[in-house]
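First chain written, first letter: the chains are A, B, C and D, and each begins at residue 1.
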Amino acid sequence: MIDVLYFAWVRERIGLPKERLETSAATVADLVAELVAREDRYAAAFADLSALRVALDQNLSSFDAPLAGVREVAFFPPMTGG
Amino acid sequence: MIDVLYFAWVRERIGLPKERLETSAATVADLVAELVAREDRYAAAFADLSALRVALDQNLSSFDAPLAGVREVAFFPPMTGG
Amino acid sequence: MALRVQADPFDPGAELSAFAKGRHNAGAVVTFTGVVRDDGGLTRMEIEHYPGMTERAIAAIMDEATARWSLLDCLVIHRFGPMAPGESIMMVATAAPHRGDAFAAAEFLMDYLKSRAPFWKKEIAADGTAWVAAKDADEDALSRWDRQ
Amino acid sequence: MALRVQADPFDPGAELSAFAKGRHNAGAVVTFTGVVRDDGGLTRMEIEHYPGMTERAIAAIMDEATARWSLLDCLVIHRFGPMAPGESIMMVATAAPHRGDAFAAAEFLMDYLKSRAPFWKKEIAADGTAWVAAKDADEDALSRWDRQ
């Protein structure tokens, strides 16, 4: 089981802030492919991966990173703090 | 007549903050030469011109600048504000 | 070193007073305050954040600043939630023996907070609502710190 | 734009609050505060200045900063006379739509104040009294502004 979090317009497009998933995805990209195949709202959110960032267990990571041992994945647009 | 002002250790060496002088010096350097010739305390203050700065009518200037029309000359060490 | 991520408003002046108080060893204190700017028609701004990762990311940035420059102290405050034009969004303060370190560390912290701390700004205006897009300029600003 | 050359102490926090108050057009406010640093044994600092030229030189530096960067406002406060370790010597504040301008203008103002405004610092310590020598580093810091 893995927690998947969505923020900002990713959260708005998918329509929820967080979900708990059963997945056998080996990498972040595999997980994205699973989600996109599920429903249109996921396909809409993940249409352009270059506009997205991913964090694994609260550390910025990349889409080709492995998911083994990861408990929390978060997807969001580039940050706009400060 | 010209007002001559001294600041910081220049003032301390010369022993006064300000004096009013009659001078026919053409440049700042000429004025310095006149002062140095007057008394040892001036010679001590002006021993190393590279350690001094000069302002003419409250604008930073140089030792070869002409004195024509100038009403206030000030001598001081490099500034240490901020 | 202090870090606060909060919904409540804060007073940058009071924060500077507290931060600078009785420092006998620091010659230089620099602050940056980010303010909600009204470019015309902005009703309010809302900031979303990632609780947990936010604190972790900012603490890492502060550690990095402390490792790179001779700092005696630093402070980061960042708000989330709704805020009105003119309100302070966030603040950075640095204290150092010399001004170069205080300025460089404050700019470094700002550049990292802009594009590496998980906050997202949304602008609510009379004519609509939009997520603020990340700027290339902010990404470029980061790259100047790649070399020490 | 405000400039104060004064003997009286001032509170940097209160100054920042007043400076930043109700700014709806500025996204970025930067402050620098210079503090009397006690390197060990310092009893007090005394600052001498050149009345008239001081105001004129600082106003010229502020005009230059305003011409170089997109500033909405700037403030310089500089004290003269005696002051104790831990007291604020001077302060610069800048307000701009964007942080790059606010930071650059504040650093520029500081670099010029350090070596172009007619102030001279004297340190009075238990073991003697000495005029603070100008630093080559401060002269070098100035040269980075030669080109725009």
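Methods note: contacts are C-beta pairs under 8 Å (C-beta built on N, C-alpha and C of every residue); 3 or more make two chains touch, one makes a residue touch a chain.
No experiment lies behind these values; they were computed from the predicted model shown.
In this assembly, the chain whose C-alpha centre lies farthest from chain C is B. In terms of their C-alpha centroids, the spacing between chain A and chain D amounts to 48 Å. Separating the CA-averaged centres of chain B and chain D is a span of 26 Å. Those residues of chain B in touch with two or more other chains are numbered 82. In chain C, 34, 99, 110 are the positions where the chain touches two or more neighbouring chains simultaneously. Every pair of chains in contact is given here: A-C, B-D, C-D. If you check the complex, the residues on chain D that touch chain C are 11-18, 20, 22-38, 85-86, 88, 97, 99-100, 102-103, 106-107, 110, 141. On the side of chain C, the complex with chain A involves touching residues 34, 47-48, 50, 52-53, 56-57, 78, 89-90, 110, 113-122, 131-134.
Chain B contributes residues 5, 7-9, 11, 55, 58-60, 74, 76-82 to its touches with chain D in the complex.
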